[in-house]
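Note that subunit A is present in both complexes that follow, paired respectively with subunit B and with subunit C.
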Partner chain A sequence: MTSESIDIINAFALLTNFVLLPALSYGSQLALGALAVTLVYSVLRFSNFAQADSMAFGTMIVILLSSFMIGKGWTISGIPTALLAVPIAIVGTSIYLLSMDRLVYQHYRKIKAKSITIVMASIGVMFITGGIVRFILSAKAQKFADGERFIFSVREFKTYTGLEQGIALKTSQFLTITIALILVAFVFYFLQKTRTGKAMRAFSDNKELALLSGINPDKVVQITWLLVAVLTTIAGTLYGLDKGFAPQQYHLLLLPIFASVIVGGIGSPVGAIAGAFLISFSEVLLTYAYKKFLIYLLPLSMHPSSLVQLIGTEYKYAISFVILVVVLLIKPTGLFRGKVIVDD
Partner chain B sequence: MAYLEGKNLVASYGVVPILHECSVEVEKGELAVIVGPNGAGKSTVMRVLLGMLDATSGSVTLDGKDISMLSTQDRISHGLAFVPQTKNVFPSMTVEENLQMGGFIRQDDINKTIEEVYALFPILYDKRKQLAEQLSGGQRQQVAFGRAMMTKPSIMLLDEPTAGVSPIVMDEIFSNILDVRNAGMAVLMVEQNAQQALKIADKGYVLVSGRNEHTGTGKELINNPEVRKKFLGG
Partner chain C sequence: MINFNNIWQQYKTIISFSIMGGILLFVGFNQSWTLTLGIINLSLISAIMALGVNIQWGYAGLFNVGIMGFAALGGVSVVLISQQPVAEAIDAGGLKMFFALIMGAVTIASGVMLNRRGVNKWLISSIVVVGYIVTRYYFSEASGLIEKVNPGLEGYMGGLGLPIMLSWLVGGIAAAGAAWWIGKITLSLRSDYLAIVTLGISEIILYVIKNEDWFVRGVKNVAGLPRPVPLEVNMKKSEWLQDLVVWFNKADLQLLSESERASQLIELMKPASVIFVKLCYSGLFLAILVALIVLSNLALNSPWGRKVRAIRDNEVAASAMGKNIERQHLQIFVIGSAIVGIAGALLVTYDGILIPTAYQPLRYTFLIWVMVIVGGSGNNLGSVLGAFIIWFMWIQSGPIGMWAVEMIGNNVQAGGSFIEFIESRVHYLRLFFMGTIMLLIMRFSPGGILPEKNKEL
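Then we have the complex of A and B:
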């Protein structure tokens, strides 16, 4: 042990392993969920409380499908089977979300209900969706990741670099970050460059004028739900691969997701992503125990005896909540000025 | 028969009657103006012509064809275009994207029409990558006109195009409207600034409580003592 001296490299290897990588992957998962909330908010004009439970719904289909596929031996070595099940799960989630739109939200659009009324309806959808998931999969926690657990493990990293402190890159982290990057790039390209994406933005900007320009509102709504289904299923699956699946845990994701959207500026896609990383880094940085990190950096005489943990992990949801309240008090429009719905 | 004709239109919002047998018509290459006091139903006439509000009786014909039963979108693909009074651009989209959205229903190449709009309003070409919300009031109005022209309409309906702009911008907008008319389109507009609008109008309608009170050429109406006294401030 070289703990008599100050060891910056090992200190930051430690931080990379326990803060940077977890926060990046958690942030990516939140970002996809937040992007879905922002899309619904911009186009359908309500805050979708059912988002987190829809993620559980999408993940549920992935779990059912992948266990079926594993039973049949339909796997590719090294890749989590769940990932192979995602495309079909997206179809399933799309059907579910479009049916909910047909059964619930369409009615409120037709009678031109106030945004807050539709929000209340979405809370109903949230309970129904959560109920369906618990009914089918039970409320118990489960793991569904298979295949290689690590891209490289702590031991491999140590042998390769000779550092005392190892860094492991979990397959789920690697997949989360790369897939989220690709997906976000795709969504932005779609919204900025394609005819349909522009029509969605036009519809969100000025509904009446979009109708006068011949943009079909039903089609815009359907495309939105399809995009939301893609984001939702992938976000849920990546979160589950990383942290395991439990309906209640997914349900509680609603708070950090909403916090991300509001911190970033509601209705702004870039803001949703920025907000997601702000929330994830705050959560991880504030709940991390810095004892070992400080031991690497400080001379022996100053080594801490406590864990040096600012907030216990059991309070991590409070962090989103506090950030949310602070933002609403100081800068309610968020980091990237979002738009606020005014009922007409 | 005139190019666009609204004949004996009767309409109401709920139980409140707004239009009572009101008629307007406009020919190609002609600028017709509807003026009148607040609540006379001027904007309602536009909404009925566009199919945004159903008339309880009366008919709307375009080039001799009855279009009363068509939806707004169908009327737009038949050659009607509308520039609303407010919220007439997509604020968070660029000028060029605004024009592209205007031509959304067209299946053919819209780039030529975009060029035509730029030729008519050269400033829009310079600002084509800017967001509409960053433009001045007059420029934004040009974007609104440009967007409406993207369907290559034969008739433009304008709802109070000079509402809330400075007198200089008003002159600019009126000259834009004359450009549009001179390009061979029929233009029908509702206007608060009655005096100035009637000056450039080929035809004018004075509406009071949903009825045609006076009809004539712009000049006739300006010179009509009763119209002057009641609606033009002496």
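Then we have the complex of A and C:
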């Protein structure tokens, strides 16, 4: 091979390692959170501001359980212990979300409150949840990933291919992408094929008609919260395995999650996933410093001297906001034409 | 048999404000007057903020989750208006920064204009991209130059050196401008979009303030802001205050000998000067609060106010009568945000320092919401009362919580590590308790303590 074509391969290896893989895994994490928001929105008809903090709550249970399990030596080598703790954590999160529904949201459904009132209540829940998480785990950042860090590391990749630039596949990235795929497939199968899923969709399309055809609204609501608990706990755990756990960082995920949901079309599950990847790729592509990438591709005379970074990393939250605003200006229904429920 | 319920219904405003006043007097006599005045001053500022939010929520049902951002805009204007300009920094990078900002504005404006004219999308995008690159080039050069000028103390261009009172007005205008822009985008859409967008914009305003050091020094804070009231140090020497203190403590001072009396007087002047300065602030804030309440009540009883209430009570009917709901909502959103901006400016003026890291959503957005809901949404006096109650609880909950933990700790000998654990985190429980209070009030007494009076239209 000529050195030029190797340079091109190197450049794309670089891009895969620093853009493609991080954006794919971040996008999968956002997609799960966005799917949960969209489910709550379609069935319970409000924007759940407590979503990001619920993710922190689920992750908190995982962290507590996994540290207990590591203490007892109940681990499987190679797999992060956190994953083994997820099923129990899902039960815990389900109980929490269902009791919040019983204590807070049920009342507003019964009196047919305006959606904005329920949104306000969800902000109350958000602060309560955030308070509980910070009280138990403190506001400090911590890492809870154990086991093998890489599926294959940069060095292994380099010796195997002989390239100058390596690609590393982190265990957390691999797990995130595969688990997200399985989970999304499961949710879609559930919504499309099963009886309960169909009932949920019918309920979300037309509440009165669904009630007339004998669908039990309480059951639909419960199933929704159970699904949300599964998505929330797994999304939170995967994000934490990838980037570490810090309550404030989780809290700030709310904006990209909402942006994903609205960009894709609020109430549309496919839209939520598409929106999540749009947001994650924009964030990573715009904050990546292209200097090295361009050095591989451009002749020596044109090598850049600056970092060639379009937007500073500190403004990555602004990116999802700008996308959100642009979509609201151009196409408020979102890419996949979600439903726009008007207040009764 | 006196019916207490009737009396409460009739005089609840007076009763609840008297109880609050009584509690504050109690704190004044038992803890300290400086603490009481501190609570009162911050309650007054919070009351102004709550008033702005109450206008948005109570008059139009607009849910603003970005109070923090609007307050921060007010705070920044204080620095930009009242600080002295830093000539060296302006010489170094002022012109370039000006050019960069103009360039950015032109880029955005031309993008919007061309888009409206229906010009080819690719042409527009390339113009915007080129404009962005040029802007960014000059911008990073200029900000680097400015930040290099005496970074320990300055490293920014300073302000305009104008009187600080002007900045309150400017703070209101800045917040109103941001609100107008947000309102234009979201008010024609679903009601929760406003909530989401305000949440986003407030975080981003804070990111900009924290990261752009050339602007208002970022996380390095701007201290030593000018003050609208005299300094404590000068007050210590003022003769009339000294006379006043002597008159207040006549009985105590007469018992002492001449030399002891002088030293005792110096001791007494310390808290007296602090109290005097705080009272000055209280007077200022109270005047602004009363003026705003009077203005908003006048407005609500005017034809404009009748339209506002008509739209709030029945949007469909009002719309059928030819009222423009969207424009009405935009007006109210802008007015409410302007008031929040003014309060934000007052807060920074009172602190005398701009600390960007102190802007937390809990303190600035959520707490204000709890005030509005507890006090009585839709009722201006209610939100003032809510501000006093919630701020008082906020300030006192820390010490009370610590005291409770220590009491438990003293009685329970075993499990010392558990007590330590609780002690180090007791302040996070505030989040929990404030959230619980908000949810309880929303659930069981949606009108708050002083519900809005139902007036005949």
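By our rule, the second predicted complex is superposed on the first by the 338 of 344 C-alpha atoms of A that agree within 3 Å, B and C clash if a C-alpha of one lies under 4 Å from a C-alpha of the other, contacts with A are read in each partner's own complex, and residues count from 1 in each chain.
Please note the rule applied: a residue touches a chain if its C-beta (ideal position, glycine included) is under 8 Å from a C-beta of that chain, and two chains touch if they have at least 3 such contacts.
It should be emphasised that the depicted structure is a prediction, and the values quoted were computed from it without experimental measurement.
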First (subunit B), second (subunit C), both or neither touched by A:Ala199:
first
Comparing subunit B and subunit C in the superposed model, the one touching more of subunit A is C
**Request:** Report for A:Lys219: first if it touches subunit B alone, second if subunit C alone, otherwise both or neither.
**Result:** neither
Item to check | Which superposed partner A:Lys331 touches (first subunit B, second subunit C, both, neither) | outcome: neither
So, A:Phe321: does it touch subunit B (first), subunit C (second), both, or neither?
second
TODO: Return first, second, both or neither, reflecting whether A:Gly312 touches subunit B, subunit C, both chains, or no partner chain.
DONE: second
Request  = Check whether A:Arg149 is in contact with subunit B, with subunit C, with both or with neither, and answer first, second, both or neither.
outcome  = neither
Subunit A residues contacting subunit B in one complex and subunit C in the other none
Given the complex, residues on subunit B that touch subunit A span 72-73, 76-77, 82, 84, 87-93, 97, 100-102, 104-105, 147, 151
The residues of subunit C that touch subunit A in their complex are 61, 63, 65, 185-186, 189-193, 195-197, 199-201, 203-204, 207, 211, 362, 366, 369, 373, 424-425, 428-436, 438-439, 442-443
Subunit A contacts subunit C in the complex at 46-47, 49, 103-104, 107, 114-117, 119-121, 123-128, 130-132, 134-135, 138-139, 252, 254-255, 258-259, 262, 312, 314-315, 317-318, 320-321, 324-325, 328-329, 332, 340-343
Given the complex, residues on subunit A that touch subunit B span 195, 198-199, 201-202, 205-206, 208-215
